[in-house]
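By letter and in written order, the chains are A, B, C, D and E; residue numbering begins at 1 in each of them.
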Amino acid sequence: MKSKKKKKSYQTVNRSPGSVYYRGKKQNAVTAIDIINYNKEAYTTIETQNVEEALHFKGTQHVTWININGLNNTSEIEKLGNNYGLHPLTLEDIVNTTHRPKIDEFEDYLFVILKMLYLKNEELVYEQVSMVVGEDYLLTFQEADGDVFNDLRARIYSGKGRVRSLGPDYLMYAIIDAVVDHYITVIEAFGDKIEDIEDRVFEGNSDNNETATTIQSLKREVLKIRRSVFPLREVISHLDKMEHHIIDEKTHNFLRDLYDHIVQVNESIEMYREMVWGLLDMYMSIISNKMNEVMKLLTIIATVFIPLTFIAGIYGMNFDNMPELHYKHSYFILMGIMVFIFLMMLIYFKRKKWL
Amino acid sequence: MKSKKKKKSYQTVNRSPGSVYYRGKKQNAVTAIDIINYNKEAYTTIETQNVEEALHFKGTQHVTWININGLNNTSEIEKLGNNYGLHPLTLEDIVNTTHRPKIDEFEDYLFVILKMLYLKNEELVYEQVSMVVGEDYLLTFQEADGDVFNDLRARIYSGKGRVRSLGPDYLMYAIIDAVVDHYITVIEAFGDKIEDIEDRVFEGNSDNNETATTIQSLKREVLKIRRSVFPLREVISHLDKMEHHIIDEKTHNFLRDLYDHIVQVNESIEMYREMVWGLLDMYMSIISNKMNEVMKLLTIIATVFIPLTFIAGIYGMNFDNMPELHYKHSYFILMGIMVFIFLMMLIYFKRKKWL
Amino acid sequence: MKSKKKKKSYQTVNRSPGSVYYRGKKQNAVTAIDIINYNKEAYTTIETQNVEEALHFKGTQHVTWININGLNNTSEIEKLGNNYGLHPLTLEDIVNTTHRPKIDEFEDYLFVILKMLYLKNEELVYEQVSMVVGEDYLLTFQEADGDVFNDLRARIYSGKGRVRSLGPDYLMYAIIDAVVDHYITVIEAFGDKIEDIEDRVFEGNSDNNETATTIQSLKREVLKIRRSVFPLREVISHLDKMEHHIIDEKTHNFLRDLYDHIVQVNESIEMYREMVWGLLDMYMSIISNKMNEVMKLLTIIATVFIPLTFIAGIYGMNFDNMPELHYKHSYFILMGIMVFIFLMMLIYFKRKKWL
Amino acid sequence: MKSKKKKKSYQTVNRSPGSVYYRGKKQNAVTAIDIINYNKEAYTTIETQNVEEALHFKGTQHVTWININGLNNTSEIEKLGNNYGLHPLTLEDIVNTTHRPKIDEFEDYLFVILKMLYLKNEELVYEQVSMVVGEDYLLTFQEADGDVFNDLRARIYSGKGRVRSLGPDYLMYAIIDAVVDHYITVIEAFGDKIEDIEDRVFEGNSDNNETATTIQSLKREVLKIRRSVFPLREVISHLDKMEHHIIDEKTHNFLRDLYDHIVQVNESIEMYREMVWGLLDMYMSIISNKMNEVMKLLTIIATVFIPLTFIAGIYGMNFDNMPELHYKHSYFILMGIMVFIFLMMLIYFKRKKWL
Amino acid sequence: MKSKKKKKSYQTVNRSPGSVYYRGKKQNAVTAIDIINYNKEAYTTIETQNVEEALHFKGTQHVTWININGLNNTSEIEKLGNNYGLHPLTLEDIVNTTHRPKIDEFEDYLFVILKMLYLKNEELVYEQVSMVVGEDYLLTFQEADGDVFNDLRARIYSGKGRVRSLGPDYLMYAIIDAVVDHYITVIEAFGDKIEDIEDRVFEGNSDNNETATTIQSLKREVLKIRRSVFPLREVISHLDKMEHHIIDEKTHNFLRDLYDHIVQVNESIEMYREMVWGLLDMYMSIISNKMNEVMKLLTIIATVFIPLTFIAGIYGMNFDNMPELHYKHSYFILMGIMVFIFLMMLIYFKRKKWL
């Protein structure tokens, strides 16, 4: 495994800036497109793999939400981008899935990048979601199938809540809100993991280095979560303060509320980070405590028996002239002395609270 | 317990934003409403469980303080909210008891969320209190029975102090002041806990891992307190700087004073946090010191007796030809040598200040 | 002692805000008032316990410095306050001796709270000093007898320096300056304490846990000093920038100089804080080093003698058929081998630089 | 090696400010100059060692990129600088290769210093690149041969991308972009190094102090990288916000994108820094764990056998009157007792989960 | 030494603010004054101990640089100060050599305090330099003989560089520049010290507590350097932004350059600070590693020989009926078993990679 790493050659793709080059993991899945076209009265949905079908929704009086799953088919994405007049840098950022959450303002649209985090079979999935919000459309780009928007879709279909009666700016808010709500779930799960490992540390029957390894991986994870989540605060703050014709006055109330949520999420992450960092110190103190116990036992045993063994050794010597050996009761007297020393030792350790 | 946690499924309630959904612990207690209606001359109080009775106080020349205990009856709260013209997001925030302290300005009212901390049977209780402050009314929403406002109520009943002669903005100030005063009590109690554990660490007769566990739980607690209390500083600062028709000029003096108090509270928390963090290091150094003592004892015993035991072993050998064994005084000479070695060792350790 | 703490009940005095309630330690000493009335030409001094005598100095063309020692006689203080038109919150703050340093601007006066720190019999005394600075008077309130202003008083009496020819704003500056000068003394003494404990740590003949206890108490102390001193920086900065009719233009130069001093004090405190925090790590490394030494000694002794003892044990066995026992020189040969092993071991440890 | 260092005399070159004095490592290579002169239609390239050839490109309608490799020939650089009207301080900064990344605005040109980091035979190379960007020219100054701009040159030659159709401001952007792209490569390689050492720490079969040495060198390296990279953020931010006639409006979009990249780079560095700092703690806990294991083994062995050896020692004594010695089955009974003690000990350690 | 410290009485010199009282170490050296009077064409120098000679240079068209070495002759300094119209606070600050670097603007002059650091016989010297910069003069005040300005003086004498043709503001810049250049030298020397101690830590043959002591003294030193150097950044930034008739427009370019240097110096200090702080952790891990090695050796020896010694002890017992003792080959069989156990043990430790 190490050798594999060593072989890795660090080649920078020194591509021309603004060129649409997919930087994520290669995924074989074909690009899947699903479109929801709705207004207050009605909605239609389309699932397709052909980007052409997505192009003719422009300019209707409906809100059009075009969701693209899978980003390796860059030419299709460019086609869509050109249809909606996206800047080359926007297209480049969409397919670069290592991007930091951010918001870009353009004349005709807003461009938002954020990280969607959710649990899939107890595994934490990180996926980049980019959003282009225009006057009457919203494009979302995801790396792969599976997202956290099913409930939002259900609300659109059923017509419950406000989403059907408001514009794409509200839809954008609803999408970010769904993402942030899942952050909370993810963080709670993370908090439970910390408690688990804490319990394990305190019980103390942890295998050799497993606990340290787990703590280290928790450290990595909390740093990674933080990195994905923290910049969103700034994004939402910017969205809230921004004056752009796409964002309706009413939506600002919701954005402010969302800002409160993301601040709370960030504080939780920071709190867990502090706790994870403290875990190793805690673990070290538990180990030290155990070592102290082990040492005490060793010391008690050695301190009690080594002097006694020495005395026994004395009378095991073979000198011709050792008068004590020949007295009748000397053996019993010696045994009495040894018991006495033994008891004295025990009392001494009792006093020192070692026993 | 661990298995229980493992089973927990992380379902996000992907509710529509702005819908009034109770997020706190389900509490079976029915919602209790108590109303105080007062002006400089007189006051009336009502206790009820029917929200309808709370509605007809609007528009009188009195200040009306409506306090709701228990938030699981969301429909009643919505009824009250609609009567007072509250924004849907306000209603959502009232019943979401995991909210961060904050202040929202609306046209007709101010909305404040804060955390009430108090000690109940030596246990620290965290409870969210939301306040809606209008022109002539103040609504407070609490999660459960029991609060820190009894003294304030007594002042209203007795007519002592300024509260009866001033408006709901002063009442709001008095409520926050009561909450902050209890923070101080809570923090003092926390400080005593730290001193207790410090004493225990220094006395050193702590059980195996109990001390480490206690320190860890103190860490959690101080982080939790900080999280509940810190954002209030910003809230009060905002209140102080805000120019809103509901807040009277005179109240600002009191808010500035309150701001000084909350700053002091935050500094105390920060100081205790530093001390808790230092505790574990202290504990580790105490353990190390003890281990050093244990090691010294072991080393002294082993260093003194192991060589002597070796010598005794020599003369316990059964070789035919060991001339020393047959000299008349060799046993006594050897014993003398051993005593000499023993004393030399003791002097050596004395010199090294191990004894 | 622990039980005593447990009994302590955390009752919040839920007093009405603005009421004058003494929060400090109850001190039986009667309130002592001393008054200095001076202008460029002359001065008079009065010592009294009757606040009435302090009231008729108002409105003379002199600067009147009224100093009150002892704050438990709240009614007298209220009387004085009413005479000088102090705001109820000011009176409350004066008798609340746990207050954070701060400055409040009022129409007719400035109100400053600061902490006076000085050494009394090698003990560090914390005492709150509140100042009310008006057009032609200055009131100081102290918790107890003893302060750091004797030199300033001497300058007033003798007419040396500027103080006699300038107004109460300069007197205020001179008082704060005296307090800050004593901070420097206190911090230097603290620095010497740190050096003492450092020396003790390095000498290494520290008792069991005394050093750790001392370090912990230094930590507390530096945190407490910091807490008392740090906010003064903000106070002085505010004073310097403030435009208030009471503060003369010329005094600003002095305030700026004072600001430089307090910044320097704060930096020193921060530096000592870092050093105290580092002390425990240093102490731990010294302990570890010692343990390593102890372990080495134990290991050398055990490694040298345990194998030799084993060999001696072999030839102490009582088998009938042990041919070596009967050779003439085998005892001497064995002794030779043992000496050889012994020397080899010593050389080995010498090589490893353990000896 | 130590003695060599001791001999080093710290002489400050107390040169007059603004004098062009080369501060880098003396490199014997002659200064190499390569010039690319291009516009949308065509390009020409020249490689020379004579600075005179570089002077007559000024004022053509082309963009002229003059790249100088090697800075020890200061007189040539002064000649070039005078030709392009560079300020003496600019010239001084160009040849001072220990400079911090920065940007200086001048009337006629912008001056940018940054650090180029790349991997050469698995070694990390730090090289300072200074850029002077004028109306129709761009000068780059490098310490030595080898850079990260080959791909950019290829794009100029082939005419792909935007670079040929835009001005020197875009060229400047493209150069910084290439540098930042290589930062990412360098940081990824650094991340792999950290993982390697983490694996090694957890496997635990690390040599004596090699791991600690490696961690320490990683610490140094991350600090050095951070120092080279961090200030660039400010530089790019300044470039983005700057209004200077040289920077075209369109270039600002690209600069903003670049800013996002450098922020991401800085965050990665900060994350790796935290991880490197955590590594040593992790390593310590692994060592402690191992020591605990070692101690347990020692304690088990000693605790089991030392008491048994003592018993055997008892019956090895040579007293005349030891009745047990003469009973027929006493040997076998004693052996049985010893086996029993042995088993009891094992069960005890099993219970304590030491086995 | 400790007793000496205890005796030290902490007397605050409660002097009147603005009085000229020398706070530095008493130095017996008489005050030495050297004066350089120059313009573009010529210069004259005077060395004297009489301040009167320095007074009549005022108002000539030359730049007059008056340098005073030694500050204990406060009356002479006051005389000079009065001649140049210095504010009493300026005079007080000049003779208070514990002052923090700062800049004060006055109507007629600028007053700058900074710390000069240089190496004298491998010792780091801290010396305060105060500067008063007026329209046509510059006064420098130093604590003692010896400074870092000899090269600057040489440039004035020789007429090289810009200094002769520019005003006292440029001279001020040149002086600060010389000081900052020596900071770099000092910091490099400090960096070498750190590397030395790192090497020593890794080699591991450090004496008992010497390494810890050295690390602690490095900590102190880096804190002290930081304290002396950091505030200068703010001073230079202030100088650069200031609009004062004394500072010429052209000088601002140089000040900006100087600002870059001091930022770089501060970053280096911060980096070394982090490294020094990390050193102790590194040292601890090295010690732990060594202790682990020591423990392993002890454990191997004890684990191998203690059981064998026990077996030998068994057959050294003197029971009448021990059948094994009488078989012919039992001794040899037992020896074989012991060798077998011995080898098994070795293989076990080999497997565990302890050998």
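Note that in this section a residue touches a chain if its C-beta (ideal position, glycine included) is under 8 Å from a C-beta of that chain, and two chains touch if they have at least 3 such contacts.
Note that the structure is a prediction, hence the values are computed from the model and not measured.
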Can you name the chains that touch chain B as well as chain C? none
Per the touch definition, the chains contacting both chain A and chain D are none
If I superpose the C-alpha trace of chain C onto chain E, what rotation angle comes out, expressed in steps of 5 degrees from 0 to 180? 70
Between chain A and chain E, what is the separation of their C-alpha centroids in Å? 42
From the C-alpha centre of chain D to that of chain E, how far is it in Å? 26
For chain E, residues contacting two or more additional chains: 281, 284, 288, 291, 295, 298, 302, 306, 309, 313, 316-318, 322
Beginning with chain D and continuing through chain E, what order do the ring chains follow? D, E, C, B, A
Complex contact set, residues of chain E against chain D: 119, 148, 150-152, 155, 160-163, 173-174, 177-178, 181-182, 184-186, 188-189, 192, 195-196, 198-199, 202, 204, 253-254, 256-257, 260, 263-264, 267, 271, 274-275, 278, 281-282, 284-286, 288-289, 291-293, 295-296, 298-299, 302-303, 306-307, 309-310, 313-314, 316-322, 353
So in the complex, which bits of chain B are touching chain A? 1-2, 5, 8, 10-14, 16-19, 87, 89, 92-93, 98-100, 102, 104, 205, 208-209, 212-213, 215-216, 219-220, 223, 227, 277, 280-281, 283-284, 287-288, 290-291, 294-295, 297-298, 301-302, 305-306, 308-309, 312-313, 315-318, 322, 324-326, 328-331, 334-335
